[in-house]
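These are the structures in question, set out in turn.
What follows is a pair of complexes built around chain A, which joins chain B in one and chain C in the other.
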Partner chain A sequence: MSVKKLKDQVCVVGIGWTPFGELFLQSYEDLVAEAAHAAMRDAGVSQRQIDAAWLGTAFPDAGVYKGRAGMDLAEPLGLFDIPVTRVSNYCATAAETVRGAVNSLLAGESNVALALGVEKLRDRSPQDSIVKMMVEMGHPFYQKGFTAAGTFAMYASRHFEKYGVTREDLARISVKNHAHACLNPKAHYRREITLEQALGSPMVADPLTLMDSCPTTDGAAAVILVRTEDAKNFSGIPVYLKGLGLSVSTGWDLPFFDESYDLLSFEAAKVAARKAYQEADIDEPAQQIDLAEVHDCFSIVELLTYEDLGFCKPGNAKDLVGSGATRRDGHIPVNVSGGLLSCGHPVGATGIRMVCEVCEHLRGSAGDRQIPEARIGLTHNIGGPGAVAAVTVLGKEKS
Partner chain B sequence: MSSDCGIHGWGFAIPRRRLSNQAVQEAWNRPGFPGSRAVTGPDEDSLTLGMQAALQVIADTDESKIEGLIFASTTSVFAEKSCAVLLGTALGLTNQTRCIDVGGSLRAGSIALETACDLVTGGSCRSVLVIAADQRFSQPGSPDEFLFGHAGVALLVGRKEGATAQILAHCQHASSQFDTWRTIDSRFPRASDQRFARQGAYAQPMQDVLTRILKTTGWQISDVDKIVPYSPDVKSASRLLKKNGFDLKRQYCDLASPQLGLTGAAHLLVMLCAAIEKSARGERILALGYGDGASACALQMDADCESSFFKMALKQGYDIPYNRFLALHDLLASDDVSDGGFTSEIMEERNKPLWLSLAAKRCRSCGAVIALPLPGCPHCQEPTELQEFFLSRTGTVFSVTHEHYYPTPEPPLGMATVNLDGGGRLTLQVADENKPLQVGDRVELVWRRLHKAGCRPNYFWKCRALAKLEK
Partner chain C sequence: MSVKKLKDQVCVVGIGWTPFGELFLQSYEDLVAEAAHAAMRDAGVSQRQIDAAWLGTAFPDAGVYKGRAGMDLAEPLGLFDIPVTRVSNYCATAAETVRGAVNSLLAGESNVALALGVEKLRDRSPQDSIVKMMVEMGHPFYQKGFTAAGTFAMYASRHFEKYGVTREDLARISVKNHAHACLNPKAHYRREITLEQALGSPMVADPLTLMDSCPTTDGAAAVILVRTEDAKNFSGIPVYLKGLGLSVSTGWDLPFFDESYDLLSFEAAKVAARKAYQEADIDEPAQQIDLAEVHDCFSIVELLTYEDLGFCKPGNAKDLVGSGATRRDGHIPVNVSGGLLSCGHPVGATGIRMVCEVCEHLRGSAGDRQIPEARIGLTHNIGGPGAVAAVTVLGKEKS
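On to the complex of A and B.
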């Protein structure tokens, strides 16, 4: 039996996300409530109408063990007596909540589904959250010594060696995304930086500097999804889900312990994109996609993602950055929101925050940072490091 | 190995102070089991215990025949200086006496006994004085606090003629596992997960030496009159014996543990000598030692035993309060030297081939070399057979970074992905990094300490720049 194509069968009718940042005065529960209520308001649904929900939190252990199960979404909302499922798939966690909701809608299990991602990292100091996790909780010797930055730095070193990528190429991505974020009131950092500042910032894991790395950030984001045939019953302007691909293509350790991996690209992203493109009838991504929110947890990841998503040929990403094509005014704007580098990366929320961003542009409600006449947008997440990826394609109109 | 020697005399040094388990239970308000432990006073240590036990043996021996002295302890007073030589000098042995210190293992006592047998059987020494003494402390409040006692024991091993007990055969099994250990800079022994340790580190080697010693002696289980096994807890030995069909009531002989606690390297020999004192001519005794493997020793009584040193020593005990015991030995300071977060002896045991011997796996079908403990080849869709593949210790840096935020004594911490000569890839910390490693650099693997999680050194491979010969 052939697999059913997703195309246009499900749409987003409500979006909501909290400002991202160091939200010292807000708890995990506060963030859940703020994002969920915003999305419900936007969709024009009452909580009683929601009949299934997904909660995405990648690292409950970084905080107070909130987000280990669906109950941590249900309780702060009083959203009881329906199925609520917590999912986790590293940085594709948020995309996984969307996938769960979509499949439930398509299977007829639910009619109005809530997908919500939240991460509360700043109850600890930045060095204590994800860095400390790798120090204290990792395998006693496999990859012992790595932080997340280090694992991606290995890919950067290969790009330097193989394609002549330079620190300037990486810094340009950071400069671009910081400039974009100045127009995004919900971004963690809203400050332009110069190329010199980026290059001169402290080294984290060479060749990656502090400015090549996303900050440690709190935040939540939510979407309300319904079947397209029901969209008319809701007040939110619908945005259509045209394609969704999620792939696990290696493990946490394998690329670092098996010489068949070239550390130049993420197979998972290529596979996820292929599936999403196929569903969405995308043949020439660079031409057909009007904006993309990609997973720039580190600048190198945005760079090599250009190649994984087919925006350019392998080895040409540095030229694409240099040409300015991925700036807000370029022909394929990437991370108009400011990306993870400036918005921050509350892991479980990021993928949904991207969906919200793309929806704003497709609805024409993105304010100062609006990409004119945006019709097709893409979101991309990669995680674990590079093992799992998710790509969604969203459209303004039904085809 | 069969032997031509026997035990001619023995002596005990049981500290007179006793700490009752009940006193400890009351202090920590938790359940335990009855019994007490012999504990040293403020002026006793493994050397004084050894001396005391040895003097008891020497008292009725012609010491000119003693041509060897072996001192066994895990708590030797000196890290540098021989206790065996010191004891030999003190006992008036000649300076031609072969003096050997054995340490580093709970099995040191039985290793000393076996070595003495070999020295006598091989004709190197007419007789050898074996001394074992230990003074191990446990962390106050820890679950193993009820376990450790202190004692010394000495045995005179000589030719079989005229011996009280003949040593017929002995064998050993060496295997390394992190079941229990004490690092050089800590006071308290640490132990891994108990059930894991009992299974792999205890049950397997003990079974192996038991099976082998029975084969060598030709004894049936029922031929054994007294079985004297070291048991790291109340149950392990009886479980092993039951499984092998021993009659616990008739054969299991442990006169020491409930009254003394486990006395470390001395314990098996204390139990053995106590058993000898209860045996009559012709009786067969099997002693099973444990620690970094196991050992077995088969003995047969050649005379009725008339002495009762052990019974006498037990009678001299008096209780001291728990707080005095803690104060006498300054036991309240923690010796926790842990760093590096999570570790697991269980996980390490499974990964032993790679972390000790660089044994990876190679897929018979596609040839991929995988340096991870995977059950199958991740590249073949079908289950395939993996064969052992030993990685080489040289290679080329494929990618490299330096972690500036990872806690390390000499930041930044180099991390390198290394493609090894002959196949395979590892990602490792960089050692001895004087000049930053770069992609393409040649490296060699070195076995180094990664961290001290779990209060013990955790070792793994690192890489460093390959030394080049200048032309």
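On to the complex of A and C.
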């Protein structure tokens, strides 16, 4: 029993995403419609052509209570009489919509698939925070006090201890991504910060400061996917899906209660990357990948992801940061969009926003922030306590 | 651009489900493990062979707050380093797990797929009902007073008015399904009721009584699916997937605010059935289908589903009930398991429990409730206000 490779069989022909930010004046439905119609316009697709769709929303209960089922995508678009599926998998939720669409297209179940992620996280009072919600929902880790910041702070501390990573190394990632975001009109925050500002920002969970943490953000993103043989029928410049890996690892307990667990990397990300790289024939990621959008929910996560994705050897990520290699003008630019640290992180949308960003660069349409001659791009998400991860590899040309 | 038919390419080789009921002594994880291990034992599959899995849970917030992501399936089984996806689509949630697995197998993404649905709805105080939860969550219809019972009561009233359906017709469905359940050791309720008891039970939403309504229930169900070419490697008797349709229709508003909407049938179910029948070469459902498990969350839904699925012409469902044709000894037995009315309805599990039931009959292993010589079986789910539906057609033999 062997498993087939993707081999450029599916491509993205339409991309669309809303500005990310505090979108109090737009409803969940507004965001769905804006992202979907942008992607459809780009692809030259009418609603009637879409024959399957996926909705990614991770936290329907975070504010507007929408996104529990496919209907919350179907209804704002009038997208009826087709399968519309809601998926959720923490921060890999958006990647799951793409994966669902890819499998459907390859299975021959559909011909034109819409993958859309949306999250509205800001429609809450400050007193009624998402952390409070997670605790009240009975979240097994939040109830024990392990918030997202608290959890990833443990990884940071361990990197400090083991590899000599410093707060400055982390701050440099935040400074880099904030600088990148100035060129992205859709980022939540579009202002440069200095190393001193990053280091001096309020402590959230020692050693992670506010500037090491992504904001709470609303937004939506969408892609239209088709089989490559059909791409000529659509107006959007095709970008080919070369590899897709998604993996669940570890569980809630292992990182905290098993002393052998090293808190240095995410097994899920390494497994997902291995699968995606194998499909995409990537042997030397740092050489072959022209840009990457990675899951910098906290700066430490971007740092350790360099190692998980094989951009450098374990322990060398801080040197990669220091060298400037992951800046927009470096040899492997990471989070040219501004990343989650500046774009924000509407959970269900983030992974698709990354795919859109990579597609813009591969198409050569990324404007001021264009990475010249980008041919291969990567997206990466990690969710839960490092328990679920997704990696996609996208290419400008068919191989 | 054409869409491929399923053509027996995928089959079920393992089935397993827990007893359904008030399972206060079993955790979410216990239910996952019991159903999954039963299906794996049946298939002769070890955990290490499973290379993709889907978790169906519709209401993580209904009690134990589990089931928000694939990890809640992966962790209790130690099922790591593979993709594990959570889907939710109201009452079609379980069907979505099967569909996800089928697409993955056909796409060549996986070789041995686990589809598991689970819901724990009883871990709430009576004062903190699920209806109250839905209102508090901001559910657009529950907030307006349209509970599930209230919504389907409107369909019942309309059938009374248009087709002369009576409370007795509805009660007969409840009596039939309760009688069936006496032969199903895993049903939540296993006692016969009389027509008088059904008619005399407390009114829930006029004209629907308590006995017209399914109970609130805990449970889990699982199937192992493989490509048919690989079936010989597994110990479970294969049952072939002949058709699968899933459709989202209507939206929340149309049934209530568009006067042209007739409240007589569910467009989503008709579309899903058309797709599944087309794939399975079913032209005359009442003749070709040997048994059906349909979504009798309320008796009226089973009644109108006879028409949606083409078991009889519009308006004739009450005669089909009266004739006894849908009893276990009739020519098209419906809900031989006892249906949702007696098995209960742990939402994420129900559609898979139905697939398990149909497989038992097609394998000839349904014990006391075996339908003799069953060759073709159907499952049907409808969710939301008739907005999402799934239909599968399963067969004993390859065609």
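Just so we're on the same page, the second predicted complex is superposed on the first by the 387 of 399 C-alpha atoms of A that agree within 3 Å, B and C clash if a C-alpha of one lies under 4 Å from a C-alpha of the other, contacts with A are read in each partner's own complex, and residues count from 1 in each chain.
Basically, a contact is a pair of C-beta atoms (placed from the backbone, for glycine too) under 8 Å apart; a residue touches a chain by one contact, two chains touch by 3 or more.
Keep in mind that this is a model prediction, so the values were computed, not measured.
Peer 1: Which partner, chain B or chain C, is in contact with more residues of chain A?
Peer 2: C
Peer 1: Quick check on the superposed pair: does A:149 touch chain B, chain C, both, or neither? Answer first, second, both or neither.
Peer 2: A:149 contacts chain B only, not chain C.
Peer 1: Which partner does A:247 contact after superposing on A: first (chain B), second (chain C), both, neither?
Peer 2: In the superposition, A:247 contacts chain C only.
Peer 1: By the touch definition at the top of the document, which applies to A:103: first (chain B), second (chain C), both, or neither?
Peer 2: In the superposed model, A:103 contacts chain C only, not chain B.
Peer 1: Pick one for A:203: touches chain B only (first), chain C only (second), both, or neither.
Peer 2: first
Peer 1: For A:259, select first, second, both or neither according to whether it touches chain B, chain C, the two together, or no partner.
Peer 2: first
Peer 1: Show which residues of chain A both chain B and chain C reach, each in its own complex.
Peer 2: Residues 137-139, 250-251, 253, which sit in both footprints.
Peer 1: Spell out the residues on chain B that touch chain A in their complex, using ranges where they run on.
Peer 2: 340-344, 347-348, 351, 355, 368-372, 378-379, 398-408, 412-413, 415, 417, 419, 423-427, 429, 436, 439-440, 450-451, 453, 458, 460
Peer 1: Please name which positions on chain C make contact with chain A in the complex.
Peer 2: Going by the criterion above, the answer is residues 1, 3-4, 51, 58, 60-61, 64-65, 68-71, 74-75, 78-90, 96, 99-100, 102-112, 137-139, 230, 233, 246-253, 267-268, 271, 383-384, 387-388.
Peer 1: Where on chain A does chain B make contact in their complex?
Peer 2: The touching residues are 127, 131, 134-147, 149-150, 153-158, 160-161, 202-208, 250-251, 253-254, 256-261, 263.
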